[in-house]
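Chain nomenclature is as follows: A, B, C and D, assigned in order of appearance, with residue numbering initiated at 1 for each chain independently.
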Amino acid sequence: MTQRTTGGVTRRTIIKAAAATAAAQVAGPFVISARGDTPVRIGLDNPLTGTYAALGKNELIGCQLAIEQINAKGGILSRQVELLSEDSTSGDAGTAVQKARKLIDRDNVNFLVGNVNSALALAMADVAAEKKVLMVVPGGHTDAVTGTSCHYNVFRVCNTTQMEANAVAPTLIKNAGKKWYYITPDYAFGHTLQAGLEKACAANGGSKIGADLTPLGTTDYSSYLIKAQAANPDVIIFLPQGDDMINAMKQAVQFGLDKRFHLAGAQQELEALEGLPPEARVGTWVFEWYWNQPNNPHVATFVSAIQKKTGKVPTARTWFGYAATWTCALAANNAKSLDTLKMAKTLSGMKLPPEVSLMPDQAYYREGQNQLLGDLFVGQAQAKGSTAEDLFKVSTIVKGPDAAGTLAETGCKMQWPA
Amino acid sequence: MTQLILFNVFNGLIIGAFYALMALGLSLILNLSGVINFAHGGFLALGAYIAYSLSPHIGFWGALVVAPVATAVVGLVVERVLIRRVYGRDPLYSLLLTFGLAYIFEDVLRYIWGAQSVPFPIPPALASPLSPEYFFLTGYRLFMVALVAAAVVALFVILNRTKLGIRIRAGTQDLETVNVLGVNVRILRNLNFGLGTYLAGLAGVLAAGMLGLQPTIGTSLIMPSFVAIIVGGLGSLPGTLLGGLLIGVASGLTTMFFPSATEAVMYVMMGLVLLVRPRGLLGEEGRVQ
Amino acid sequence: MTRLEKPALTAFVWLALLTMPWWMNAIGGYTELASRVLVLGLAAMALNFLLGYTGVLSFGHAAYFGLGAYGVGMMIKFVVPSTPLGMLVGVATGTVAAAVLGLLIVKLRGVYFAMVTIAFGQVFYFIAFRWNSVTGGDDGLTGWKRQALDLGFTQVDLLGNDRAFYYFLLFVFALAVGAMALILRSPFGRTLVAIRENERRARFLGIPVERHIWLSFVISCFFVSLAGTLYALLNNFVDPRALRWDQSGNFVIMAVLGGMRSFWGPLVGAAIFVVLQDYVSSHTENWMSFVGLFFVLVVLFFPRGVMGILARRRATDATKEGA
Amino acid sequence: MSAERRPAGAAAPLLHVDNVSRHFGSLVAVDRVSLTIAPGELRAIIGPNGAGKTTFFNLISGFFPPTSGRILFAGTDVTPMPPERRVAMGMARTFQITEVFPELTVRENLRIPLEVAAGKRLALRLSAADDARIEARIDELVAMGHLEARAHRPVNELPHGDQRTTEILTALALSPRLLLLDEPTAGMGDQETYDITRLIRRLHRETGLTIALIEHDMRVVFHLADRIAVLAEGALLGEGTPEEIARDERVQAAYLGEEVHA
């Protein structure tokens, strides 16, 4: 009995509708009521509480929309699809792993989806590999997921940090200058992102003149900012995410640093910009997906569907969840099987159809790495654009393959089962 | 270099003042009622969110006045309904109770205001640095320090000059005697809890202007406050103030020279204090045992 | 107090534990959940050695739990791929840290003791969290796995076989619980109960109270770090949250919920807590409210815990029969 | 321990309190008191409320250290020693407010000090012989307190008098050389007072145990004591046999307003 979504109805609504069933289920906490036709199950093990709760919830909404659409179009192998969502918490690997095992061992899910937190995604990937379940990572960025720790059955929707770095570096050098100071969150994501930027920056003729590692959950960035400005860089690169990004940017702008330096970074998200006061929405960034893509009817449909559900525009996270869930359905329907190996073979190299890809170029899973390569949106944060929710002005669209580097560079040595 | 150190010392004092404000609220409650209020971070977040919801209607300044009072009202109710029931029982129970409350606070705030950070605008007049050279002295930070100073002065005036305050202080020394003298200890503790949560609410409004406002905003601030109390000395409010300022400065300086020990340094300080002077810098003798 | 629990209850507990993989699956749980109950149950019982039998409230036991976990993880990852050796190092790390910090805090009492244990526990949390190059920081310690157990004549596959691992856990659990029972029944154990009952009386009967509290703290942390090593082996992963203060709070609530005055109480509490959390968090994303509410209800209505209520009911029944 | 009879002025004192003071801030609770107690003596310490009697006991037993002065026990300077070391040297005490192990039975209350006294406080098991010896001692003590019928019940379920008796028995279980009793009959009815008085008297007469007791009930004091010391406002006002004290005018002045039972 997990929170389920079947055709957009959450489990709780079903319980309200069918009180008798509910009573039976409540009586024995784990007794799963029998169903005539077993649905295909997708298990989402993603944060709903803690630091990443907002991101996790947006991914969940994307998943839910995808499930509705998949079921409306005949489901997976003509069976209905059910989403089982578990709270992995934002950072407790013990819980995330426990929930992954629960979904696989007890609920017999056919697919495992998650996690926003790269570390948890890696831990879950170990479980998925051990249990031979197809896993899709919607939004955990660390390179290792589709790099050194890649698995034949683990696919990823969001970009690697290296791709984000490669996408933004040329624009930054051109617009802002060559001397960069990094404020980097002290965990795998931040490390690889900084390393990626250093590489890309050097390749474009720039250099690093200082860096500070800040722990996840830092509230006061003033000491780091004091150090950063003393180094007198051209650009202060902000790599923290979410609430940390908000704290850092808010304080930097209050210190007036935006008037003295170029503030920029790589990955930026709509969730974070929305949390910033207007005057702090500044800087050059990469969006992995953006809702305001004029002249793309598929995107417009998707945006209005999400707006109908939540009253807000979709973020990159919503799309991650959406694309990840559709990936599961496409894998099974194209392979005409729920066998993990067959589905993985089908997925590798597969292009997402335009109504799922939702960007100028069709995104595809690169063979030998299982990484989705799509477009990246480079541009500037803005206080307010065409609408109150238009907080980012896209200046350049970088094609995924151009940012991805070679397969050898990713460090992935894919092992397929015999 | 010297300038950098100076920057960091000032900056540490600013942050320390903030820790102190939060720790003073905790300390008030701990001293009179023997309750460690784990939910203090929750009250802080509540104050911040109330201010966020009110400020479009009554402005930042209105919110600054009203939100802490509203937080205190919630505090009075929580004390009246729940906390009161664990007075005089093993401290274990007050710890668990407030621990559970902290969970509930975080979840309810997320339920009402969402998991995503919300922007809390501060008056433009405060939002910029005084001079480019001393850029870290923003109007808001100085205002924060001034307000903390005012709150501290007000608190000490309340405790030393008003009837309520004198009773609170007397009760901290010897609750039984106060009881015998006909002071209603239940009401005293209730009001004292309200005063403590008022300070939490005030800290919340100030924090929201500087940090991203989301449901866990108080969580990372509660441990430094604990340490401030222990370093400063249990039972001593001036000690708590001193403790807050000290750990602020220590953390600030450590960030400069050895960033990865930023948090650890305050615990090292605490260890040293406990080793050399178990009752804390300004703590009263015999209070710890 | 010489006899910890009725033999019938003890027999029942062992029977339930021996068969848990079957009935846990039968009621819709999963073997991993059973393993978790066992590991966290051991942690709660270890905490209760100090809390219930010495009367000292530590709110920082997660630190030693986590040190055990990091000890075994780092040993297997960096030094020797051996499960028992890793455990040995994990337990030693946690115990030594407790022995040193214990010296600083044994003079404190009550709420202050709790506060200082929390704060010191946080030191280890921040070390694990910040010392990225060694501990993996917030990403956790990955890239290692529990190793097969080499018994000389045969190998026990702990990694691939859930059941085998469960019984390995149960074996360690049994040793630890047996040792705890032995200590609690001994003259030394009685001095601890004496301290819990009346510290002043204990001191003036010639018990060096500080030294005995220190010993009890160290022993308790020894067992909690053992539980920590098992937790790491269970997850094949360690992250700093294993040593954060909210984990300590969970141990305390398990002990209180099950009943601090009962030897098996904390295990019962852990079982209820783990299963309930698993169940509620699958049902609603607002599970934190339920857990919080659960804390509040336990404090207000079940301060003696499940075993305490059962014991009292038995006592009342006996009185009624007598009358 | 030896069972010498009656105090002998010449014998080395068992307890020698040498010019001891204790200040609490500006309050002088005990003011330069000197006192000796000979082996086998039963000494009562009396004085009006707030005279510093309990503080004086706390100094002797090591509850807190004196501000100045020395305390010698059996010829050894015990001033810097913590309570448990004084206990190990043979000093045992009871408290004004009963201090027992409330949730434990009478027998368990007695077993703990017996094991400590036998040097087994850190032991993980007792030999059968040790255990038998301890069981026998428990039986003996229980019989001495006439608690046979209630020995298996938790102490907090017993009447007040039995709880106080249990506390005295736990102190006796240590086989002390000096027993300090702080108001053993506090809060007791006539019958209970009588029983306790008899118990103390028996201990003193039959085993020659050295006892110092603080007592408010003058019937008890004059019935039991070999010598009486009077404290007032922290200072030693007088010392002597019950007869001498009864006649002392200063003592009577100090007790002005308080009834003196003789």
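One rule holds in what follows: contacts are C-beta pairs under 8 Å (C-beta built on N, C-alpha and C of every residue); 3 or more make two chains touch, one makes a residue touch a chain.
Just so you know, these numbers come straight off a predicted model, no measurement behind them.
Note on connectivity: the fewest steps through touching chains from subunit A to subunit C is 1.
Distance from the centre of subunit C peaks at D, each centre being the average of the chain's Cα atoms. Annotation: B-C is the more contact-rich of the chain pairs B-C and C-D, by number of C-beta pairs in contact.
Here the CA centre of subunit A is 75 Å from the CA centre of subunit D. With centres taken as mean Cα positions, subunit C sits 32 Å from subunit B.
Between subunit B and subunit D the centroid-to-centroid distance comes to 49 Å (mean Cα coordinates, whole Å). The distance from the centre of subunit C to the centre of subunit D, each centre being the mean of the chain's C-alpha atoms, comes to 42 Å.
In subunit A, the residues touching two or more other chains are 48-49, 57, 186, 213, 215. None of the residues of subunit D touches two or more other chains.
Residue numbers of subunit C whose C-beta contacts span two or more other chains: 129-130, 132, 287-288. Here the touching chains pair up as A-B, A-C, B-C, C-D.
If you check the complex, the residues on subunit A that touch subunit B are 48-51, 53-54, 56-57, 186, 212-215, 217, 219-220, 222-227, 229-230, 242-244, 246-247, 250-251, 254-257, 260, 271-272, 274-279. Every residue of subunit C that touches subunit D in the complex is listed here, in rising order: 1-2, 182-183, 186-188, 190-191, 193-194, 197-198, 200-209, 212, 215.
Taken together, the subunit B residues at the contact with subunit C in this complex read 30, 34-36, 38, 82, 85-86, 89-97, 99-108, 110-111, 223, 226-227, 229-230, 234, 260-264, 267-268, 270-271, 274-275, 278, 288-289.
For subunit C in complex with subunit A, the touching residues are 27-33, 36, 129-130, 132, 136-140, 142, 160, 231, 234-242, 275, 278-279, 281-285, 287-288. The touching residues of subunit B, counted against subunit A in their complex, run 4, 7-8, 11, 14-15, 106-107, 110, 114-122, 127-129, 132, 135-136, 138, 140-141, 210-217, 220-221, 251-252, 255-256, 259-260, 262-263.
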